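Right, one structure below, let's go through it.
Going by the order they are written in, the chains are A, B, C and D; count residues from 1 in each one.
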Amino acid sequence: MSIVEQNVSPSLEEFYADIEAANLPPLWKYLGGMITRQPVYDAVPFLWRWSEVYPRILQAGQVPIERGGERRVLILNNPGLSHLYTTTHNLYAGVQMVKPGEVAPAHRHTQSAIRFVIKGNGGYTAVEGERCYMEEYDLLLTPRWQWHDHGNQTTEPVIWMDGLDINLIRSLNASFFEPYPEQVRPSDKPDNNSLKTYGGGALRPAWQKPYNDSGSPLLIYKWAKTYEALQQLAQVDASPFDDVALTYTNPLTGGPVLPTISAWVQMLRPGVHTQAHRHTTSAVYHVIEGAGSTIINGQRFDWQKGDFLALPPWCWHEHLNTSSSPALLFSITDTPVLEAFGLYREEAYTDNGGHQPIVD
Amino acid sequence: MSIVEQNVSPSLEEFYADIEAANLPPLWKYLGGMITRQPVYDAVPFLWRWSEVYPRILQAGQVPIERGGERRVLILNNPGLSHLYTTTHNLYAGVQMVKPGEVAPAHRHTQSAIRFVIKGNGGYTAVEGERCYMEEYDLLLTPRWQWHDHGNQTTEPVIWMDGLDINLIRSLNASFFEPYPEQVRPSDKPDNNSLKTYGGGALRPAWQKPYNDSGSPLLIYKWAKTYEALQQLAQVDASPFDDVALTYTNPLTGGPVLPTISAWVQMLRPGVHTQAHRHTTSAVYHVIEGAGSTIINGQRFDWQKGDFLALPPWCWHEHLNTSSSPALLFSITDTPVLEAFGLYREEAYTDNGGHQPIVD
Amino acid sequence: MSIVEQNVSPSLEEFYADIEAANLPPLWKYLGGMITRQPVYDAVPFLWRWSEVYPRILQAGQVPIERGGERRVLILNNPGLSHLYTTTHNLYAGVQMVKPGEVAPAHRHTQSAIRFVIKGNGGYTAVEGERCYMEEYDLLLTPRWQWHDHGNQTTEPVIWMDGLDINLIRSLNASFFEPYPEQVRPSDKPDNNSLKTYGGGALRPAWQKPYNDSGSPLLIYKWAKTYEALQQLAQVDASPFDDVALTYTNPLTGGPVLPTISAWVQMLRPGVHTQAHRHTTSAVYHVIEGAGSTIINGQRFDWQKGDFLALPPWCWHEHLNTSSSPALLFSITDTPVLEAFGLYREEAYTDNGGHQPIVD
Amino acid sequence: MSIVEQNVSPSLEEFYADIEAANLPPLWKYLGGMITRQPVYDAVPFLWRWSEVYPRILQAGQVPIERGGERRVLILNNPGLSHLYTTTHNLYAGVQMVKPGEVAPAHRHTQSAIRFVIKGNGGYTAVEGERCYMEEYDLLLTPRWQWHDHGNQTTEPVIWMDGLDINLIRSLNASFFEPYPEQVRPSDKPDNNSLKTYGGGALRPAWQKPYNDSGSPLLIYKWAKTYEALQQLAQVDASPFDDVALTYTNPLTGGPVLPTISAWVQMLRPGVHTQAHRHTTSAVYHVIEGAGSTIINGQRFDWQKGDFLALPPWCWHEHLNTSSSPALLFSITDTPVLEAFGLYREEAYTDNGGHQPIVD
């Protein structure tokens, strides 16, 4: 059959059947669902209460940590994306426990991770063998493709929040994983080496070149300094959308702590009611201290110490602290991912003094 | 019920049912599928023959270009990802036709696009109103969020390959789209303005700052210069994996033409059989001229002028040109996406002189 | 003597004598000369006529090129800075001749250099052994600390303009020089290798990383392409201060050709009279073709083909072409030096339609 | 006279006279002095003793601070460069005193400055009106072209070390200076605003973009944190050439505190004798605490608390602390200047266990 013959119009119905069968479907029929006017997301705003999480992670203590399963973690699984085991489309978060005497075995992967310590002092994460000792509310990093294991030589369980880019890496088809041949990667650096080397604020070893492509060389951010910085900033400045908010930085570059994840800490002062806005980045919040509310697309979530909250992208959101004590929130976002391609957008809610109507 | 009471172990089965119901599933059961040892991908290597595509895009001429459907394009739909209407997980490609006298209406979106002209001279793409006139084998760009429409004032249809980051933007939940209120955005710049401004090779207007965050300010790369550059490079250097290969660059930065898509042109010289390698980036090839073969994970694809070939990530691949004429390939890759997060990996196939065994 | 005793005021005159003797002079007496309200410069605007230069460089042919003296160059020595053998405070320029059969011996230095070919075709500069063959009006580079020698195997002398950062490097106390043990560094690359590799405009070998810290990897910019780019730009845009002006770029970065020197080519179209401005950068111009005038701080310099003109920093300047043919100027500037520290400033002359009064 | 006639060789002597007169001197006669084999410098290694400086800056108190003179500063004037009123070729340092009740008037200039507090608590530097209150051993910044004045509302004189790039800016012909119309620029920000905003170490306000082209947005680095960082680093690492050394950084970029000046603090532990090296950067040291020696090109300089030491570029140097207490040194260097152009070089002294012979 020549091209000229083929070009004789078949019935349109036959034509559509033919091109679908040839793996050549018509864009004009599907474009509206492929290139949407606004971001489309399946994740839902969701609150996990500490009162629900805490007993269950304790119960999980009956399950041993073993090679293959690797870690004792309850996934904060977004109901809208539950088959993907993720918290927002780009961010995965979970709650991990290491009991006294346990070691979670050494492995490495192309996923990057943060840990935020919820409960317990004295556990450690070893990164390339270097132990970083944890205290409550410290932030720890395990950058991409670095060996890491976790241990607890104290007499109490240690519990922390994990944050990783698991679903991003999956959607990029870029997951690599390797177990270390032993349970623990031997240590060749002193304990807390990175803290002692890079923990001095705006100072770094004079002989170091300012470069590290897998994230911050500072592997642990101590709570005492973080809290002090919040107190200082509160005296001079604040954001209308987030009140007193700091982002943890890579001291060698001023950039985010990890190439794919940004970490924030914020203080909502007593009586504060922020204005609503929305942005193309998603977030997972953890309540460090205090209580308050977040209104997401008109739905009110009342949270207190220990709770977790998922914020999908492009959702209007505002925060309230109606108590008489400050509320402290830790959060992770996927801002570096959107910014890498110029896709970060932010919009302020301007009606009604910046406050959304509550949907009952 | 107190925490202590809850902490009494239920049967393990009950425990698993309880945590799943609480949106707190156990990582240790799912980790193997979430953090895989090697990239997992659903895309398949696939060849679309020009002899199959060409008559169908001509037949599609019976369907008018209308607002809503926007464009007359047949999607190169990967059978492994067919419900997503994408060619690889990050890259979408299609074949578009504009008939004499038609105008594809102006719109803009957060997706970035390239066009590679397959057939016909004299069509144009207008970017922010500036018309870039096409000749065969030219590469054109429509960067993110810039108004663009396409027209054809000649007497023959114009056909080109589209390449966009549609599925990447979808998986990042970051799609914005806006139709222009008129069919055409009025022109306020001379025709071929960007070519005349930035087309001079390693020269730019002396008063311009070297910055443009949405991609190259040069919107059209003429084939005559591209072909000459291939001929020049062939005299002095070549890659063992790709023979004589050039990447189109943003002349203001030396970086990729778009933040999410890189474009290549390569010449496989007569008799060349490259060594196999694999990388974490995917690609869509189009055969400009000549004929040859690509072996992907042991499967041989014989291609000729006009064909399209999808290469999923992390697949071994090597190229052959057994003919006596050079074969010319154009391709797009998602390399900038992987490199943005340090996830680019490449591995050479070292067994058997670098050549895969053919799987029948 | 205790500090208290010393603190008894001596006579002020004695005090000043004492602190000067102690190498502790008083800032308050000298500050006005150290931190001036406007840039202070000793260079003068100056014109070297080709009719003066050309016979002298020919006469210089009687002096052989020898190790130690290294090169047959007449320095364009600024009368205001003549003891420094420099053309402006940061830029040195000279006129070099290599006669048929001669070789200027291989050496390297931390100074970076450009060459602009004034007369003769077929000479070459070898950089790290790779020969770049010159034609009239080509621009060549010899980046910092790369071995280079020059030769001429034709039957006519080859004459070019040299541009280096000699006085900048001297004022930074950072000069290193090394003669090659032989007259010529052996060649291990094909002739014109960099041109064939990087000369294709906005294309580069796909396997090359976009990085080179000593300047452009493209070592020769051919006049034919440069002239075409000027013609193209003239159709769409121009600067009010410089008319049709292009800067040569490093194709791997979009930045200047060398870390310390920027190179420009500009066309003053017939009848053009640009507006005056001034900037903190200095320049050395060479007239490629045509004739015209430049007014510097009210002083008019009429120039024609082959002439050289020094422009000190922060001098008002404007260009005229009163002829009926285009005038073409090549120039070097120290813009990258000023920009490295945020010291680039530019100011437009707004009185009198942008034109300076002429001082007789 | 035709060119051919001119080309008849005159006597060589006449030729040289002729080209010198024509401002076209022969490079081959002067090249050796222009492009030297190694850096040539006129600065000398030099020590200013605190016992000499302190009484004189007190005596200078008899001279009022007045507009025009602007500041009460004794210049640390290098004897080898004394006519230039500079300490090394790129770096100027001085000792400034503000007496109780005085204000040094507001001005701005393209020179960048650091201040290191030697004596007295409670003085302030106001930058763009924002007061930064000083305590002993704090480092303060006044970036390029920002209004600044200094005051002292305490009852004791405040004395600090100034460090500026005065001679670099002069050699670049890029000095601009402007007095503020009033004695003091009015304050529109809270005291210590930058400290409270950026002083939190590896944290910054979450809404701030990481960019500032004139230097660090953190204008004061408190000694308490600096000293703690030194103590921490001492536990895990040290340089063979500088022992325990930190560089102050711009927290938004990880880069130097100012575009032209880098600041260091280092601790030489008791008994340490570093290995000698040399580099193309120069430095000015100030002894914060303790006593020790530095050997420069074989000449031994014994220093103690309060002293200043100039190190010219490319001089071998090593440090000793033979006491039983740590010695603390502050220093400024011009490293960012050299690195901007790829001119930083460093060389270790390998003979004799890394130690220079002492020249008597």
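As a convention for this text, contacts are C-beta pairs under 8 Å (C-beta built on N, C-alpha and C of every residue); 3 or more make two chains touch, one makes a residue touch a chain.
Just so we're clear, the structure is a prediction, and the values are computed from it rather than from any experiment.
*Asks:* Taking contact as defined at the start, I'd like the list of chains shared as neighbours by chain A and chain D.
*Replies:* none
*Asks:* If you average the CA atoms of chain B and of chain C, how far apart do the two points sit, in angstrom?
*Replies:* Between these chains, centre-to-centre, one finds 42 Å.
*Asks:* Rounded to a whole Å, what is the gap between the Cα centroids of chain A and chain C?
*Replies:* 52
*Asks:* From the mean C-alpha coordinate of chain C to that of chain D, what's the distance rounded to whole Å?
*Replies:* 29
*Asks:* What parts of chain A, by residue number, touch at least two of the other chains?
*Replies:* There are none in chain A.
*Asks:* So that we know how the chains sit together, what is the shape of their touch graph: line, ring, star, complete or other?
*Replies:* ring
*Asks:* Which chain A residues qualify as touching chain B in the complex?
*Replies:* 3, 6-7, 9-10, 12, 15, 18-19, 22-32, 34-41, 46, 48, 52-56, 58-63, 65-66, 68-79, 82, 85, 89-90, 92, 94-95, 109-111, 144, 166, 169-178, 213-214, 259-260, 280, 282, 312-314, 337-338, 340-343, 345
*Asks:* Sort out for me which residues of chain A touch chain D in the complex.
*Replies:* For chain A paired with chain D, touching residues are 189-190, 193, 195-207, 210, 216, 218, 221, 225-226, 228-230, 232-233, 235-237, 239, 242, 245-255, 264-266.
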